[in-house]
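Chain lettering (A, B, C and D) follows the sequence in which the chains are written, and residue indices restart at 1 in each chain.
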Amino acid sequence: MSDTQAIGNRLKRIEGQVRGVQQMVAEDRYCIDILHQIQAIKSALAKVETQVLKDHAACCVAEAIASGNADDQREKFEELVTLFEKAKR
Amino acid sequence: MSDTQAIGNRLKRIEGQVRGVQQMVAEDRYCIDILHQIQAIKSALAKVETQVLKDHAACCVAEAIASGNADDQREKFEELVTLFEKAKR
Amino acid sequence: MSDTQAIGNRLKRIEGQVRGVQQMVAEDRYCIDILHQIQAIKSALAKVETQVLKDHAACCVAEAIASGNADDQREKFEELVTLFEKAKR
Amino acid sequence: MSDTQAIGNRLKRIEGQVRGVQQMVAEDRYCIDILHQIQAIKSALAKVETQVLKDHAACCVAEAIASGNADDQREKFEELVTLFEKAKR
């Protein structure tokens, strides 16, 4: 199975989890249980992030390095730094 | 509109965002754009968390206080502390 | 050893870690090593937070419950919710 | 003032904040106030992280790009990805 498929499958599961929380809210389930479920979704999203980031390093970044194009390489680094900064907020 | 509806609507939007990311992955869109989109979903989930937590304070917790039942109150506090701890990890 | 002492000791270690990072910066050490060290400090602070929070539950909150004073109890809950919200940002 | 000095000054302030929290703990100050203070330290550390990361991009990464050395560039990317992953946990 390719990484794209693996990431797609994880996202499909996350979509199901979000629908599950909607159901819980509609059924007036206990708030604390809902909050734990939301935390589980956030963890699952963090795993997708890591996988996408590794994919990115393995393809786009590797390409920029192979190209020997300094502007392209600089751009790739700046994108990562921007993303990192945004994640901190 | 009740809080339950407001929370339900937010979750429906988040479900749409997750489907949007699946689409982006399937279309082989640029990794960095996908990562920014995932961060947007995490922010949206954090807002739902705050809203559910406030609801919880306004209903279940208020009830426990009104009941004057110390065991019930203790349980409510412990649940919040556990949740807080889990959020840190 | 009381909890207060345990927390104090952890904080003394964290103070030392912060001084260590200052040293690394002054010596122009490698940025990535500095960043890993800062992450270690943030993890250590998270552990102190958990310990302080548990202490809080064990003393101030327990007292508010024992007092049977609803206003006092409400205040304790609201403080926790505010803190939780702030942590998310 | 150089970036190194600016970062050093921020860290000195953080060291002072950590000592302040030790004092608060020793004086048995209110737990919630201590927790807010710890959150302030974590925010201050996040700002130092961003600054160090930008410095890193401006010097070490720029150097790796200028060198045209693919192995060196790959290493720089991998370090960032590892750091990012660790930050998520």
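Following the convention adopted for this analysis, contacts are C-beta pairs under 8 Å (C-beta built on N, C-alpha and C of every residue); 3 or more make two chains touch, one makes a residue touch a chain.
Since this is a predicted model, take the numbers as computed values, not measurements.
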Note to self: Taking contact as defined at the start, I'd like the list of chains shared as neighbours by chain B and chain D.
What the structure shows: A, C
Notebook entry, point to check: If you average the CA atoms of chain C and of chain D, how many Å lie between those two points?
Noted result: 17
Checklist line | chain A-chain C separation of Cα centroids, rounded to whole Å | finding: 28
Check: What whole-Å value do you get for the distance between chain A and chain D if each is reduced to the mean of its CA atoms?
Finding: 23
Note to self: Multi-chain contacts only, two chains or more: what residues does chain B have there?
What the structure shows: 49, 53, 80, 83, 87
Check: What topology does the chain contact graph adopt: line, ring, star, complete, or other?
Finding: ring
Check: Name the touching chain pairs, would you?
Finding: A-B, A-D, B-C, C-D
Next item on the list: Would you pull the chain D residues touching chain C in the complex into a rising list?
Entry: 4, 7-8, 11-12, 14-15, 18-19, 21-22, 25-26, 28, 30-32, 34-36, 38-39, 41-42, 45-46, 48-49, 52-53, 55-56, 59-60, 79-80, 83, 86-87
Note to self: Quick check: in the complex, which residue numbers of chain A touch chain D?
What the structure shows: 46, 49-50, 53-54, 57, 61-62, 65-66, 68, 70, 73-74, 76-78, 80-81, 83-85, 87-88
